[in-house]
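Note that the chains take the letters A, B, C and D in the order they are written out, and that residue 1 is the start of every chain.
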Amino acid sequence: MERTENKSLKIRVMLDKGRRLVMDYPIIFFVFVVFLFGILFVPYFTTSYNMKNLCLQLCDLLIIACGYTFIELNAGTDLSATSVLCVSSVLGGWIMALSPLAAYPVLATIAGIATMLLIGLLFGVINGFSVVRLKMPSFIVTMATMLVGQAFATWFAQVVFGKNSIGGLPQPFLVLGGSGKYFLVPVVISLVMFFLADFILRRTKLGRDIYCVGTNPNASYISGINVKRTVFIMFVLCGLFAAVEGIVLTARNMAAMSTLGSTMFLNIVSAVVVGGTSVSGGFGGVKQTLLGSVFIVILNNAMNLVGVEWQTIMLVQGLAILLATIIDFMLKRARYTTRRRLAE
Amino acid sequence: MKKRILAAMLVLALLVSGLFAQGSKEAADDGQLRFGAAISFITGYYSAMIDGIYEAGEDLGIEIVLLNAESDSTKQNQQMENLIAQQVDAIICNPEDSVAIAASVQKAMDAGIPVVMVDRIVDGATPSKMIINNSYDLAYQLVEEYTKMSDCENLEAPLKTLVMVGSMADSYAVNCLNAMRDAINDYPEYYQLVAEIPGDWNQDTALKGLQNALSANPDIDLILTPSDMYIPCIESALDQIGCWKKIGEEGHVRVMSMDGDVNGLQAIKDGYTEADAVIDAVLCGRWGVEYAYNILQGNEVEDGATIDLPGFIVNYQNFDETAPNAYSYGDLT
Amino acid sequence: MSVLQLKDIKKSFFGVQVLHGISLELKEGEILGLVGENGAGKSTMMNIIGGVLQPDSGSMFLRGEEYHPESPQVATDNGISFIHQELSLFSNLTVAENIYIDGYPKGKLGMIDKKKMASTTEEYLKRYHIENVSPSTSIGQLPMGTRQMIEIIKALVKNSHILIFDEPTTSLSNREKELLFKTLNELREAGYSIIYISHILEDVLMLSNRIYVLRDGSIVADGPTEEWDRDRLIHEMVGRDIKQVYPTLEKTIENDVAFEVKDLCCADSVKDVNFSIRKGEILGMFGLMGAGRSEVARAIFGVDPIQGGSVVIKGKEYHKTTPDLCINNGMAFITENRREEGLMMPKPVNDNMAMVMDRNLVRKLGMIDRAKEAELNDKMIHAVSVKVTNPKTQTANSLSGGNQQKVVIGKWIVTKPEIFIVDEPTRGVDVGAKYEIYKLLLRLASEGAAILFISSEMEELMGISDRIVVMKDGHLVKSIDKPDFSSELIGSYAI
Amino acid sequence: MQKLNIFNGKVNLSRYGLYLVFAIIVLFFCFTNPNFLTYSNFMLILQQMAPFGVAAIGMIFVLILGGIDISVGRVMFISGVVVGEIMMHLPEGLYNSPWLFFIAYGVAILVGAVFGLINGVLVTKLNIFPFMATLVIGYIARGLGLTIAGLTKYDVRALGVISNSRIFGIPVAFLIFIVLAVIMNFVLRMTKFGKQTMAIGNNKSAAQQIGINVDKHIIIVYVLCSVFAAIGGLLSAGQISEVYTTFGENNEFQIISAAVIGGASMFGGKGNILPGAIIGVLLIQVVLNGLGMMNASVYIYSVVRGLIIFFAVAVDCINFKGELR
């Protein structure tokens, strides 16, 4: 009896492993489907220009989506990520183009990048402090910082630039945007940020804490994990990643703009949620977000090429998020039931 | 480890398949031309321009691909890149931000795709043609011409003016605001600026702002608005305090607007508003397509890189002569 | 005339048999006392009568007919009201509103008939002599005793004639207790029948007509109150033949104090608790529900704030502790509620195991030494002998109670702490796993760890610990050394 | 997870602190602009606040349950679009008859109910966090609305009769708001449904224990919230007399802060309709009105909106014990 019992257990475990792979990465199926759809039906989809295009758009979305993943792992939200983009772009642009430093391009670039990162840090600290110390729900805090941030960016642009955006950014800075022969620079930056986020999440103590706090904050607190510090660092990381995104986008557009990234929030949320980071925290990771970003970028690009109006794209993305959350719920229940059967 | 390889492999597949599949999918080249139209934001004025573009498209048998950037220049740049990817034959571009669009315009021109700028210039690249209306001069002209009209001769006190504002993030709105401010300063004996009402191109904010301003200073003589989009709000706010009266009736408040949209011209026709600066949006759209078509056909039209779109002022006195060549004259009742 | 009969009710949770064939009979106008240790199955039985749980087998009869409540709603409609220990009252609603929460008297056009509500509430408040409380005061401001009375009135208003009380007097003052007993006696004369569950034997003896004693899921004795006295009750409740054999391990207890608590006050109810644990000693802590044992444990470990006194860990005195600080000083805390506070249920065993040990495995750049971590994980899984097919993928919520508890213990042992605080480690665990857990605790103690072993099973404490302290109503009343352990002695101090 | 809503002086003090700050701002406005305190200006404020007031009523119910509804602004938009679409195709006779208002408001309530139902089901059956569920439904509503509308501008001038007209000087829209507020206050205070809403908000597990069907109840409350948002949307569309692409955008910020200032707590169990809804919406509208009259610069508005919602909620979170989300 012992042997057969052992064999059937082994089969069940193998079956469960196969099911688990699909469960962990349901997004693979969707990416494949939408990619196939692109190749077969969408004209010009597979031209090399479009592929380069897709890559650049993927880099744009990936950096800030990785930052947002940190927040989503604790089932929080960060609406102010987009206003980090415009505030950092405007202030960075001012330093690089109009301030006395503008005469020395390299120095101006370094100062510009430093200020932009500082802005991201500042937003992260304000959000983190309010959520952790004042114990406010994260979406209210980030909603307030978003409104104030946008107002500041528009005001600063009008008062200092006199118009919405200014060009004249130093050449070393524009390299970051991947213009001309420096095509690979933003790709490298986004991959570096992706592997940095992946490294933090999977290899460091902070990453373990983030997953524990996201799943069960009580148990984590009792196990000695500093819950408050972990949540605070999550918001700071999201702010920094948003700042890096601001740098890449400003360089890509070769202009410091006060309206940078105003419609990106839907793309960010759909990339993270559709990717597979569960809405209730604790599950998911940056790799799922990478796959989610690929899915969203291909979806948008395909719909653009087919000529779908922009409002229907918003509708389709909304439905995609809804579908992802429903699947996440069913998987969680399925994962629970298969385990129950295994246990009996 | 397995998951990381999985993800990296996928991104690689994306790139490689692009290169291989280079030849497999040729453009649906059945001779029909395809133009891309990248529009910044759809308010009353731009929807008229889109109608113009579609009209010209039908006349010349050109398929139009319309993309709206929702006033986000990053999205507009991506859309421009998508248009270039589609190897459209020409691009009519109404940039959300004239500096940011320079990169994509340059890329399109290098790819041999003629780019015609409509309504706004591009600063940092040389497109094939620029059809612009100088919104600043037109707004200035609107305010200036009114001083020459008959009912400004025997003014005892300068007209108390309210200026409504679009969204400060939109260069068209900012140009109109600056023009109106300068014009009012240049004619102190005719105009006195009382308040500026932020609308953010959102009718609810505009209505409430206008109502607040009217309740703060009830004795207003003139309202200036950068777009006919606000005419319904003005009508509703003035009607509230009983000032939505025909010209000449007691309690009438002068209203001057821009765009030359249906609401604006209808109000002039019914005698409620004084003047409307018509930017022939449909003509602008139509010219965009025609010029692109001509450049494609090679018959260069030598009339300079920038063409000034004729903006003209329709007011209640010269309505019958000037109004017909406004684009929305057709659907007036 | 019998109002309610139970015949051979059986129930089991996750494979652990909780009720082994219960038969019981409740007559009209009678208070039936039900006593038994924690975990003897009292609450489960009452939940079955109250419609919260469904029995696996057996049948129930209400005034003769068949009775299967699927939900609390069905039970209340049949006139059975259940008064839980944590009352189901809403602190933002007034007294009258709470009483009528699921059945408001309808006035004109569907409106709540406020006048009728207020008058009946007023009448009930007066009848049960609850002073200075009006129908419109909010529940949030009332003391526990008055809230208890409100729950009773809530049942009476729904004219239910069978009332089930689950540990009603745990947080009542003596004055409030007398008031409650007076009310219960009045109800009995009025023909209501009451099942009164409590571990406070004096109350049960004074109140009830018949007493049933429940032990390990079966009725061991029942009879009219006259036949009973306190000692016989305790004997029936606890004096089981020691069928559970406990592992023994001779170990030396050094006499330097590893851990000491100095007149600790916390959670408002616990006052001036003093005890110390020496290296290698297992200090058992016994007490009934609500005696404040868990509160002491949580205060020591910094989960809840310390309101007074201090904790001495390895010579250093702390007036304020946090879990992080305690772990750094080599302490471990295995909580009572492992599902919410011990484990991450949806996560695999490895992740749960690694929660505490990661802090020592941090290398440069904040990286975790994954090889060492995997090695420690495997070592721990074998050390605490957790039965799991693949620790990397199998999640905690698919394990049995015993295995889950072993994972929690494994999680803490990894960092080789010297001081253990263990709160009800064997609750909801099958007998086999219990034995292994005892062996583990003894092995730890023999290696020099000081263990505070909190449990509500007297037998378990006597089997394992070297010294037992007894907690009652927030005070540490007695410290008993191993030679003179006896369940009657411990029971007499605790109950 | 029962939230410890201990009723203590500290929270109350800070709630009145907030009202004190508002009083100071109002006084400041009175001095800077003489006709701020006039009767007509006050009537104007009442008229402007009516649409947001109606939507705030629904929002307070959701907040009492401890949930949130981000899709209100966009539900306003889609109900405006659907009503506009239908009004365009109404036969002449029906268009000028009083039936128009029944049809318009009936359709709006229907559209609101559909989106409210979806919100409710997502929050209860799929137990998604209310913020995420309603955010997604908001995007779907806006996408659907824009797909239906395209570029068309719906002329809903006919609805203006209700929204703009006044009876003896009192704006009709405000009267509608007061009537709805009184009814819903009656529902909250005097009916079983209201009491059970308060109960579920205070202690969800106890409510389940005594047999309240909590899921059904939550779904009904979300339907209610979207229905009131749709009604508010139509009132506001009537005032503007046109439904266009940016209609209803970002209204949810103002509605949520109005409900919170009115005394509803983000963590459930607290909230009232009659004084709360009116105070909340009135204060915000007074501040915006005052700014407008003071001809404040364009940028101040969204800064003020951000600060209002931040401090309104901060006051409420001082003694929240639950998890940091």
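Note that in this section a contact is a pair of C-beta atoms (placed from the backbone, for glycine too) under 8 Å apart; a residue touches a chain by one contact, two chains touch by 3 or more.
Only a predicted model underlies this, so the values are computations on that prediction, with no experimental measurement involved.
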{"item": "Any chain in contact with subunit B as well as subunit D", "value": "A"}
{"item": "Of A-D and C-D, whichever chain pair has more C-beta contact pairs", "value": "A-D"}
{"item": "Centroid-based (C-alpha) most distant chain relative to subunit B", "value": "C"}
{"item": "Centre-of-Cα separation between subunit D and subunit A, whole angstrom", "value": "31"}
{"item": "Centre-to-centre distance between subunit C and subunit B (centres being mean Cα positions), rounded to whole Å", "value": "72"}
{"item": "Distance from the mean Cα position of subunit C to that of subunit A, given in whole angstrom", "value": "45"}
{"item": "Residues of subunit D whose C-beta touches two or more other chains", "value": "299, 301"}
{"item": "Subunit C, residues touching no fewer than two other chains", "value": "none"}
{"item": "Set of subunit A residues in contact with two or more other chains", "value": "154-155, 158, 218, 309"}
{"item": "Those chain pairs that satisfy the touch definition", "value": "A-B, A-C, A-D, B-D, C-D"}
{"item": "Contact footprint of subunit D on subunit B as seen in their complex", "value": "42, 44, 47, 50, 165, 168, 194-198, 201-205, 207-209, 211-213, 215-218, 229, 232-233, 235-236, 239-241"}
{"item": "Contact set on subunit A toward subunit C in their complex", "value": "9, 13, 16-17, 20, 203-206, 208, 211-212, 215-216, 218-226, 282-283, 332, 335-336, 339-340, 342-343"}
{"item": "Residue numbers on subunit B that touch subunit A, as the complex places them", "value": "3-4, 6-7, 10-11, 14-15, 17-19, 21-22, 24-25, 27-28, 65-68, 70-75, 77-79, 81-82, 84-87, 96-97, 99-100, 102-103, 111, 123-124, 168-171, 174"}
{"item": "Subunit A to subunit B touching residues, read off their complex", "value": "24-25, 28, 31, 35, 39, 43-58, 60, 154-155, 157-158, 163-167, 179, 198, 249, 252-255, 257-264, 287, 290-291, 294, 301, 304-305, 307, 309-310"}
{"item": "Residues of subunit A touching subunit D in the complex", "value": "74-77, 130-132, 134-141, 143-148, 150-152, 154-155, 158, 217-218, 227-228, 231, 266, 269, 273, 279-280, 309, 311-319, 321-322, 325-326, 329"}
